[in-house]
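Comments concern the structure below.
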Amino acid sequence: MKQYFTRKLFIYLLTFFIAVTIDWLIPRFMPGNPVQVLLARASLHAEAAKEMYSYYTKAFGLDLPLWKQYLNFWIAIFHGDLGTSILLFPQPVIKIIIRAVPYDIFLLLPSILLSWFAGNKFGAFAARTKWLDNTVLPIGYILTATPYMWLAILLGWVLAMVFPIFPLAYASSPAMKLSFSWIFIGDYLWHWILPFSSLFLVMFGGWAIGMRNMIIYELEADYSHYLEALGAPRKLVRRYAFRNAILPQVTGLALQLGIIMAGALVTEVVFSYPGIGYLILGAIQNQDFFLIQGCFLFIIIEVLIANFLIDVLYIIIDPRIRIGMGGKSA
Amino acid sequence: MSLKVKNLKVYYQTLRGDVKALDGATFTIEDGEIMGLAGESGCGKSTLSNSLILLKPPMRFVEGRVELDNEELPIWDMEKMNHFRFKKISTIPQYAMNAMNPIRKIGKMVSEILKSKKVDYKSTLPELKRRLDLVELSHDVLNMYPIELSGGMKQRMVMVLSTLMNPSLLMADEITSALDVSTQKAVAKMLVEFRNRELVKKLMVITHDISILYQIADSIMIMYAGKLAEKAPTSVIINSPRHPYTKLLISSLPDIGVKYSQRKLTGIPGKPPLLLDPPTGCRFRERCPVAFQKCLNEEPPFMEIKKGHFIACWKEFEKNA
Amino acid sequence: MTKPKKRINEILYFALKNKRLRVGLIVVLFFLILAFVGPLLTHYQWDAYVGPAYHPPSYEYWFGTTTFGQDVFTQFILGLKASFLVGIIGGGIGTLIGVLVGFTAGYHGGMIDEFLNMLTNIVIVIPTLAILLIISVYLKVRGVLIESIFIGFTAWPWAARAIRAQTFSLRSRDFVDLARISGIKPLKIMFTEIAPNMMSYLLMTFILQFGGAILIAATLDFIGLGPTNAISLGLMMNLAVLWGALPLGMWWWFVPPGAAIAAIVGALYLTNVGLDEVFNPKLRKL
Amino acid sequence: MLELDKISKVYKTGTFGGKKLLAVNKVSFEVKDGEVISLIGESGSGKSTIGKMILGLISITSGTIRLNGVDIATLKGGALKNYYRNVQGIFQDPFSSYNPVFKADRIFRIIREEFFPEIKIDEWNKKIDSSLRAVGLNPNEVLNKFPHQLSGGQLQRFLIARALLLDVQFLVADEIISMLDASTRIDVLNLLAELKSRGLSILFITHDLSLGYYISERAMILYRGGVVEMGSTEQVYYHPLHPYTKMLIASVPRLDKKWEEVEGKLKAKHSELSTGCVYYERCLFADKDKDCAKRPPLIEAESGHFVACSHYMEVNKGV
């Protein structure tokens, strides 16, 4: 188990290292001079432009040898210095991101967890129940095949435009000030429900289908047949199958995180929801390199942490890893 | 009290039609009897044992009657059979090594199964521990996961669990074939011990290894191509078999002390018929050295020629007549 | 002698009998035909201003027009074509890399496996969209082809994982050993002994990669990082949102592209489950 | 002649090879031309590992295997191919030995492609015919069929016919009949015995002592990677010296007499390296204070009969 952990940790560190390197490499080695591009976009008057040019040249450290630039990049990261945003000049990138992150967390965490639980429960329930398998599951296939933004657009159109029940944009009413009052929380939830639902529904379909396929295999496993031979009630047999089928679904969660992040991104774009996804869009449109780099870094960190938590969870629920690790093969 | 099977037919459904895997079996196992069931692969011995406890698609019940201790078993009804499974009739399956849920502690699993059968785990625990002692398993196994046990240990654990409710009939399907000779011997002897202590009343031991049956069984039943060929007390089957198939089968078994250079054994030429569309008459006739006209047209019945000795062979009936 | 035929017949029998497979294939085929026959039905350019703006579907403009009076049907048909292109190229590349990595890792085992496994894990953990995003930002001109290639190069890990596991289990089968003691070289063994046993599996992997590539492309296009010189279903949704289709209630602009993607990808997934039931006797119900 | 000189196999298990498993421990023996040797042991004893090392399917950790004096580890390319011309193997599971998507006779085609591309197809077909007949198969019945259309016995004979096509000198037969039905088992066994009379050497790997006795001149008993007893089959079966051999023989289900009461303990086997006698935990004679704490050497107890047991040495001291 210890070995399992060290191995995982090693991979995470390596991944982080590679990701940061990519993050550093790209603006430097892509065609064109990023600083020029930046300034062209910023369209400032000549004097400011000159000042900006020297500022960015310094910030990118383009006058230093490559290894030094790279080293400085790492040092800066560990100092939480991700540069200054152009889009929201002169705010530091780190500040902008930290402001956006809570919106992401409160949107993503509930939608991922709830859809995972509900989807798995439902998938297990529908498997080998003929009418459900034939009626409800096809909906699951459609849901999981639906592009996140399309469902978001549809929900927005139907529930915000055709029937104006929910607001179409932003995380709270523009007039509302961020506070811990009930009014604010109510307003926040009011804005939260559509992005949440669209994320929830797409993921729900995926988990339900996955569980359905998984549990059908488990119900054909030897241990299921043995339970049946001992006359165990259907309920017990299915419960055991569920417990086994849920393990690959946990791994599935880890594998899906990247895609879920992408889904969250476009959902935020549709609803102008001020999380990192929305930020990225703005950053792309304004060629705000520092902000893009910063957002990328944060997504990496979020995914890595989530992956790590899932790994820990996996060890808790699968005794085979706790006990077996290595050894028994050959 | 006994197990009485009358004209049991169970087919396998396939695309090309029904495979007549078990085509009319009539036999009895008395209390205290260990009956060995042998035959080559595909002869229907597993179909017979499976159909008695867990008859589900692609298996299809065709006809027949099964009586256990004077009570009819509704083997065609998955739900109703639950009433008998585990308590009256139980099995140690062929796949005993994989029979336990890999992610459940063994004790927990046992308690859950018992609970589902409305049996109290706590009050059963002392007996469970006695049984573990009997098969030389430490009580600690209850706190372990199946992966922590070796193959032989898992098999013994399944033996204990399957027999915990003192079933009247226990079926053991090829449980020794994957084991080393030393473990094989121990496991086989445990089955006898279970019977001797009356933890199970009667046993059906399915194997392709007749020499094991010689060691532990009271009677042996030989199957061929979905039909019963011969049933008799063990010593009779081994020393004076009557059915030509049994004779050939026994004589093809190498034993320690037999050497190719001194005594060359021979197998049975030919292949068993396909059961999708079995031939008329005796199913063994194509490989049989003594087959004659009658075997071609008429199917020999499974008849008692001496007390406790049943065969299905026209030639032998003729001799006997 | 009739057996090989019988085996194929059996598979065909189950394939034709399988409702999921039938429905899935019919839907995919429908859109495929639409994508290739469609261009004949329209004489507009996708970006030409051909008619009145804000025009709902009509006889003249089947799917209505955009805020600027472009024909939505034309955009839709061309977008559909682009989606299939991305699916085939992106999914194809993803499958190919997955197969190469998975095969090599599974067959060789040892250090090579250890290394490839690590690589796979890393690519899985790094959110590939983020990478695609960054790369796309810096590429001035992007076509469907480039996009597909990028998608293929980032989508392979789970295919590699699955194929590695399959190869691993096949490799330990005796017939591979027999081939080795027949003096056959490892590369030849991979292609003549192992690969033929995985055809159904490869097909299913490709189908999933195909669907996945379409979805990723739609996401990229939607953020405006798709092809700069062509229309796509994702881009249609992007434009619709950008130019106020929502507040203006121009449902004909954003419903068809998303619906098509959902239908195609959903049908692909359905086909996949159907194939699984056909190839895997355990899941068959008579 | 095939010689094994102190060969060992260590498996690295666990991630990054953290643990080590000694599957075969310094095993030495030789198989003379035209000799059948039985290698007997339970699962996990390393018997199949030895067979696979001889076939070059897994690497040898230490020690050398020599065919007619040539170290097989040095063989590459053409020389290796030539080795396979002389040394072949047949495995336990007949169904797994065939690629299920191809017809069974593809194994013959491969032999021609790889070894005899110069032989004309007509001539080759004649050769196939005659070797099939040699193994008791009717070519018309078995050619052009898929593996699942043939029985296990037929498939195993196919493999023997394949070896005949190659004109092999040495055959590794790894549990080749354990998955066959009793009625066809003996025929395959007889076939092996006939091959011997053609001058073939056979390493017969089995867990079944009676089968080993039936066809071989010499027997080797393997326990946890090491040879515990070796000698002529008569010596080993009728005068077993090692307690493990005795226990094994007593456990064989026989048809002529019921099981004897020689009890072996059902203790779990474990696999880590230990310095003492491998059989220590299960042995009825083991004594901690005696030499059992050290690994006993394989000593010659009588002419050609070797045993590795401290207890035996103790009892027969000075004899």
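Points worth noting:
As written, the chains take the letters A, B, C and D, and residue 1 is the first residue of each chain.
Please note the rule applied: a contact is a pair of C-beta atoms (placed from the backbone, for glycine too) under 8 Å apart; a residue touches a chain by one contact, two chains touch by 3 or more.
Note that the coordinates shown come from a computational prediction; the quantities given were computed from them, not determined experimentally.
Central chain assignment: C. Criterion: smallest distance from chain C-alpha mean to the mean of all protein C-alpha atoms.
For the interfaces A-B and C-D, the C-beta contact count is higher for A-B. Mean C-alpha positions place chain A and chain B at a centre distance of 55 Å. Averaged Cα coordinates give chain C a centre that lies 49 Å from the centre of chain D.
Chain B and chain D have CA centres that are 31 Å apart.
Centres computed as Cα averages put chain B at a distance of 51 Å from chain C.
In chain D, the residues that reach two or more other chains under the touch definition are 16. Contact of a single residue of chain B with at least two other chains is seen at no position.
Each of residues 328 in chain A touches at least two other chains.
Chain B meets chain D in the complex at residues 40-41, 136, 150, 152-153, 180-186, 188-189, 208-212, 214-215, 238, 248-250, 252-261, 264-268, 271. Across the complex, chain C meets chain D through its residues 1, 3-4, 7, 114, 173-175, 177-184, 193, 196-197.
Taken together, the chain D residues at the contact with chain B in this complex read 42-43, 151-153, 181-187, 189-190, 193, 207-211, 213-215, 233, 237, 247-256, 258-259, 264, 266, 268-269.
On chain C, the positions that touch chain A within their shared complex are 118, 121-122, 124-131, 133-135, 137-140, 158, 211, 215-216, 218-219, 222-225, 234, 237, 240-241, 246-247, 249, 251, 254-255, 257-259, 261-270, 273, 276, 282-283.
Those residues of chain D whose C-beta lies close enough to touch chain C in the complex are 16, 52, 55-57, 80-81, 84, 87-89, 91-93, 96-103, 107, 110-111, 114-115, 144-146, 148-149, 159.
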